[in-house]
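So, here come the structures, one by one.
Both complexes below contain chain A, partnered by chain B and then by chain C.
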Partner chain A sequence: MKKFDTSVKKVDNEEKMAGLAIFTCDIRMDDAYFAVQVRSEKAHAKLKGIYVPKLPKDYYFISAKDIVKENVVNIIASDWPVFADKKVNYIGEAMGLIVGPDKGMCLYLASLCKGEYEELEPVFEMKNSYVHKEFTKGDVSKFKNAKKVFTEEFTTGYQEQVYLEPQAMLMYMENNQIVVKASMQCPFYIHKAIVRTLGCKESDVRVIQPAVGGAFGGKEHYPSLMAAQLATAIVKVKKPIKMFFDRKEDITYTTKRHPSKTKISAYMDAKNNIIGVKIHVGIDGGAYIGCSMVVLSRALIAATDVYTFENVDISGDAYCTNKVPSAAFRGFGSPQSIFAFELFINHLADYLKVDRMQLRMKYLVKQGDVTSTSGLFRDPIVLKELADKAMEMSDYKHKVKLYAKDKSFRGIGLSMFLHGCGFTGSGESDLIKAQLRIKKDKNGIVTFYTSQVDFGQGNRTTLKRIVSDTLEIPEDQVIYDAPDTNETLSTGPTAASRTIIIVGGLAAKAAAHLKQIWKDGEEQEIIEPYVGPSYIKWDEAKMQGDAYPGYAWGVNVVEVSVDPITYEVKIEGCWSTYDVGHAIDERILMGQADGGLAQALGWAYLEKEVAENGMFKQKTLADYSIPTTMDLPNMETELIDNPFKYGAFGAKGAGELTFVGGAPAFALALEQAIGRKVHDIPATPEYIMELLNHEN
Partner chain B sequence: MIQHFVPTTLKEALKILDERDCYIFAGGTDLMVQKHRGSGLLPNFDKDILYVMNIKELDYIKTDAEGNLRIGAMNRYCELINSSLVPDIFKTVFKEIASPNIRNMATLVGNIGNASPAGDSLLPLNLFNARVVLSSVNGNREVLVEDFIQGVRKIDRQKNELITEVIVPKCDLNFYYRKIGSRKAETITKVSLMGGYKIEGGKIKDLRIVFGSISTKVVRNHFIEEKYQGKSVNELRARIDDIINEYDHELKPITDQRSTMEYRKKVAKNLLRDFLKQVK
Partner chain C sequence: MKISFVINNQKVSLDVDPTMRLLDVIRNELHLTGTKEGCGEGECGACTVLMNEEPINSCLCPVINAANKNIMTIEGFRETSEYRVIADAFADRGGSQCGFCTPGMILVTYSLLKKNPHPTEEEIRFALSGNLCRCTGYQAIVDAVKVAAVKGIKL
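Coming up: the complex of A and B.
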């Protein structure tokens, strides 16, 4: 097996550094019209009609009345309309578009449009469930024999993705096709959304990916809404159309991380052994389900984090509220439930008056353990080694005692976590059915196609390396361009940490296949279908079986100090260890490690987004603070090699893993620094002041 | 149709200002944000604009015969930070304002004219009893910065007047300054405090305290400050709780998207205590 001991220069380094990369907004098309959304001002109301001013020549109002086939955005639940019709369900919901040649005029005309509403009672709290899931493991009737029960509740807040490039889309007609260039994660999601709303043929639509400036899940679903809207408009307007969001619009009206509320109970026997745990995770899905049921699934499957209990009762609800729909964001539900469980097990140790680390180690998952969904942890687990390494790097054992003793307003916290790679259960084999096309010309130049988007994480470089190294040919003999749906078959969305473990594995397999049949001087082409591990059996309705083909593991240690005068937190140190199987390019992985942890820490203590009466209060980057380099220390990260047999060259997923453990490690450190239990994030100075005002 | 004026002399500028109602554009770092309409669109200016950045005669930093620092209206933060004439405490404040790229454009006078409750430069200006010089075709007048700013975006300026200079009197004190934002850089102040004191022979010779982001304008109470002048350091330290109570009614923060009333008030008092404990 090739070891990939060197890191290479990312293929997009130069064009990005020199400002040469062409992002959607950079694409010049002088005859293009602009589209501006006409948005609901009410959180919940019957929509009796929409007042539209008399429009100048060449200006159009596009609404539900113009829908060609189906007024539905093709996002998993298919409940989100392209344009609100007869009812609005959140402030900012699009009721229509103003389309025309001048953007300023479009904005002005849109500001004159008004919904005619009959207001309904809005719901902002998590009380109306629209998706419920539950499953058990072992025998939960044993809970009633418990001698002690310990229960706690935890909450987490919204998080905005703050990708560098806001949402942007350009649509035009060319060769009898609707062509889309956009800031995106999933070209085929956009493709399907257009085909569905227009009822057209698949060959009528072409999606091409330009340079994309960050995504983090925020461009997984929202671009499908924009695409369905612009497609409806282009049928009528018959001109190229652009829709570019400004930062404020993007923060105010596009999807965010689900806020959550988790309740956990542990049941103990007379000897303080844990009989089992009961967990309920609630997530705020906003006005439409979209992908919330899948986010909920992941939150529930990860709910016992890296611990094994014999008897487990897990349930959860996604709640409908009259707010902007929540959707994908790095981690996809699991950061919320893992945050809760990591804090809970530490608090439980305090309640039982036993050593925190001892209790955690007692229930730590081992190879061969049964997962919460009654699947198996089949592969070797090196979590203990990861924890030992992280403790050594951070001097954890010494510091955790030192800071417990004095009132230094300093603390250190350690989190352990996992992330299931790829789509849940048999989703890869049954739903996505990735197919990878690879071809070779007479001169031996190899071209391969995926639908994976490189939005900065480096997969253009990594996937290319996988193919060239498998074929044992120089990298410049391999061509791998950004996705174009006219050329590539679907290898699935760029999501769920599946790019390297699934598509990378598929690319390696296709390349190995091509190598086998390689004939010099001939044109050759292979279409390689994805075949999942045969052991994966998953029952989605019952939430039983093997939830993921493989798991990546990690440990974060965070050290903080707190200013007793201002309650401000300073991150003093961050140390991480990860098992991502085998890293294909270590430097790219370090980029994910630093970025993921920084983003997680932002979620944990800085990034506060609050909805008041259905409207976000923080609408700009002046009010929604993400960490700067000044807020973060140098981060130290080490990897432990543990190759995964189904991944390319032993690689597993890494993109989301690096986000999952930051918040609990931070919160545990903060708890020690202030001598109070933390149950909620973001732990802003305002929250810390309140904690300090109250006795523990 | 909006007209743009780019004079190169003060005389020209004052004449234009006398004839028409203009936005005055120095660094533009507040104005361009306030008038922003959307990417790819011109900003939303609804009246004429007078650009003053080319008036060379307003580009100076000097000390006058009385030892006052005189700063011309065109001086940007980056220049002030690098000037040997500017007191260190001003530099400390300036270095925490916005980001290097903003500081390369923004002027001190602009921060005064913008009159934001969160304007950081207003704290040292207030504490130093700094004055602004307002010029018009009719001549000049001087106003204390403390009086010039009347409330949120409310200033004592006539339509035909231009702020041409800031006069900072010499002030030889020990200083304390804390700016509390939501993060360590590029952050808007949630609450801030600057204190200054001088001890002679164990007695308080001078005591000054200003709070930022705690009311509609910078809070300073001369009555409380003067009350403790001449008192011994020990007495001051013994009465820290009283002093904090005396400021209680002055501190009227709000809850907004950046922080809460409770936090701002509590931290303002904590900072005051921290400052007073350092007086020795």
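Coming up: the complex of A and C.
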């Protein structure tokens, strides 16, 4: 077992282990009413009206008719209504709320409500694009000189976040403010959603973060919808209101990872040199765009993974389907396109009859290379070292030869990948404009405020440490509480692996600034604005320039065995190496490494979520199974230090990186074990049986 | 219906619907919120409590089944020396991230180590297999159980 010399005690350890941490569902408010969504049973229909039974005293029906200002949830695209009005676009879309004092009665009344529909033809396949993006690099007209073209298609499925704490929100009035406590990732997203739908002042709304039981992207946008609905209700009902989802509602009706379909072609000259690659990524966005255009951006920017080609043609579409909207989930589009490209380049090597690793190494990105969006990889890249180390840890070179020859139904796979940290392009400077408030009292006690949520990643501990280490004062002289929008300025959402690289960097800067002007015995306060590296130039419309302020890198090796009778896969070993810049707290980093990989492996072979006629077939944790202790082996992880000059203490992002490489490493291992090419995940036993029933 | 049982070493007598879930009685009647509801169907283990020292899913247990039994939740267990050993081991290995599964994990760890003070890795993984965690990939939790076993819980 590793010794965590660089680690400090996590600030929330004791409260969480002792059961003292107060999650939203633990907040006692005995006079609160309950809210239950009244949901559409049709995937696509005109909504002529809604039948509502005669309601008992103190029970309310809230719908689009009660909207105060704007029937829009403030998510990037602003196309998702708070309540369906005149039309429903997916099964489960909220047409209204039943609100009242008894939850059981609310559920019963909601079950009696019925939409009056005029059905329209639903669309479930990826064919109607609502967002299209494309860009090229180099001269793609050279593709026509190709002597050989190799093309393949890959698909990935839905994935449900399965944060252990389901969606939960409590809203009440206090001191003339609407107060929200909820399981959330982004307090200011919720804040803005309420201000927008009610048309009220910013100071009318206060969002406070309680303990949050996991999020993984799933609590980035959906809580904004819940908040807009409850805000509409509270104006009418004037009582505290709780809306807690049970697991079935959460799996069936909240946002998930986008399913994807990726088509890749490589163009070769007579000497088998790759002239360039053409890639199209399609993602299933569901009924509303929400944040799908940004997910698509990330998928496209990452589409050539860790390889550099002179000429690149990349395009993609987010498709509108009559299903639950897809939204944020750890990796945000890049796991889908990187899964496809990692498999593709290996298959391409087989097609060209060259060694897989040799081909990959030939095109491996180097410092100074031009990115697919014609930006620059400016910082030192230690990917080769990461790969060497991972191969050594796993005995990869020996095993990959051994399993290629024998018929042991064992295989080993290696993936290489990157993750751009922070918001795309100049989004940090232009859109988020984080501001961090830090103050000191007469006794030298320092308090600072961010809008970052610790939903398990450990950032409460790490951010606090960044400030105390910078100021060179003991940690107990620093106060850093969970966000409360009455106190904190927005330092942006807890998303995009930006917390440590961006907010951590900002916290270090603010603390250094305070140290500079420190005067004993005086009260002092600083508001530190985020200033991005000046070299970052990004044209969103053309998708050209430097897409991210920095990149984190990784290598995963996965070894599997397959039962030749049941086709069940057993993961025999996992070895990982990462460059996250400098890891501030190794124990916290290992938590991200193990957890991200576990979740990625679940996506690769266990977690199957399929919609039939717009309704998800897997609705509970009994039929949507995530990895248990029995599904995973010991995981070994090593880091290579490669400090990033703009991150706090050299740190880059790590939260999403650890998700990106698991699926392709798994799929490559599976390919070797069964002697068939894999193009689709999740690779369930049924899928493996299909592959084995057909010739390669 | 009047139902009596011992919870966290205290006798309680409640007038409740006997089919009410033990989980709801613990959380809503006794206001002990360390026991969590993650799925409501016995899949996730976040609602684990000990009944006569055996871990059970309190979401699947009607309160009548608890009559005259000895129930221990994290609120009671956290007062013991065994808790300290296990909690320190979890802290040492980073076994708690979001914390929603943690009370359940800790109670199951105690139950395992009480019966089997020196479990193998396989025995640890088997014992914890009814408790889901989405944050850690289980590595840190399995390691924490090993650390606690080496230290030994004082019984």
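Worth a mention:
Just so we're on the same page, the second predicted complex is superposed on the first by the 691 of 696 C-alpha atoms of A that agree within 3 Å, B and C clash if a C-alpha of one lies under 4 Å from a C-alpha of the other, contacts with A are read in each partner's own complex, and residues count from 1 in each chain.
Just so we're on the same page, contacts are C-beta pairs under 8 Å (C-beta built on N, C-alpha and C of every residue); 3 or more make two chains touch, one makes a residue touch a chain.
This one's a predicted model, so the numbers in the text were calculated from it and none came from an experiment.
Applying the stated contact rule after C-alpha superposition, one finds that A:246 touches each of chain B and chain C.
Within the superposed three-chain model, A:107 lies in touch with chain B and out of touch with chain C [touch as defined at top]. In the superposed model, A:211 makes contact with chain C only, not with chain B.
Applying the stated contact rule after C-alpha superposition, one finds that A:270 touches neither chain B nor chain C.
Once chain A of one complex is fitted onto chain A of the other, the partner contacts of A:541 are absent, as it touches neither chain B nor chain C.
Between chain B and chain C, C contacts the larger number of chain A residues.
In the superposition on chain A, the residues of chain A touched by chain B in one structure and by chain C in the other are 25, 246, 622, 627-628, 630.
Taken together, the chain B residues at the contact with chain A in this complex read 37-42, 178, 180, 182-188, 257-260, 262-263, 266-267, 270-271, 273-274.
Considering their complex, residues 1, 4, 7, 9-10, 12-23, 25-26, 28, 161-166, 211-214, 216, 246-247, 455-458, 587-588, 590-591, 594-599, 620-622, 626-630, 632, 634-635 of chain A touch chain C.
Contact residues on chain A toward chain B in their complex (touch as defined above): 25, 103-104, 107, 244, 246, 565-568, 606, 610, 617-619, 622-623, 625, 627-628, 630-631, 684-686, 689.
Those residues of chain C that touch chain A in the complex are listed here as 31-41, 43-44, 46, 73-75, 78, 83, 87, 90-91, 93-94, 96-103, 106, 121, 124-126, 128-143, 146-147.
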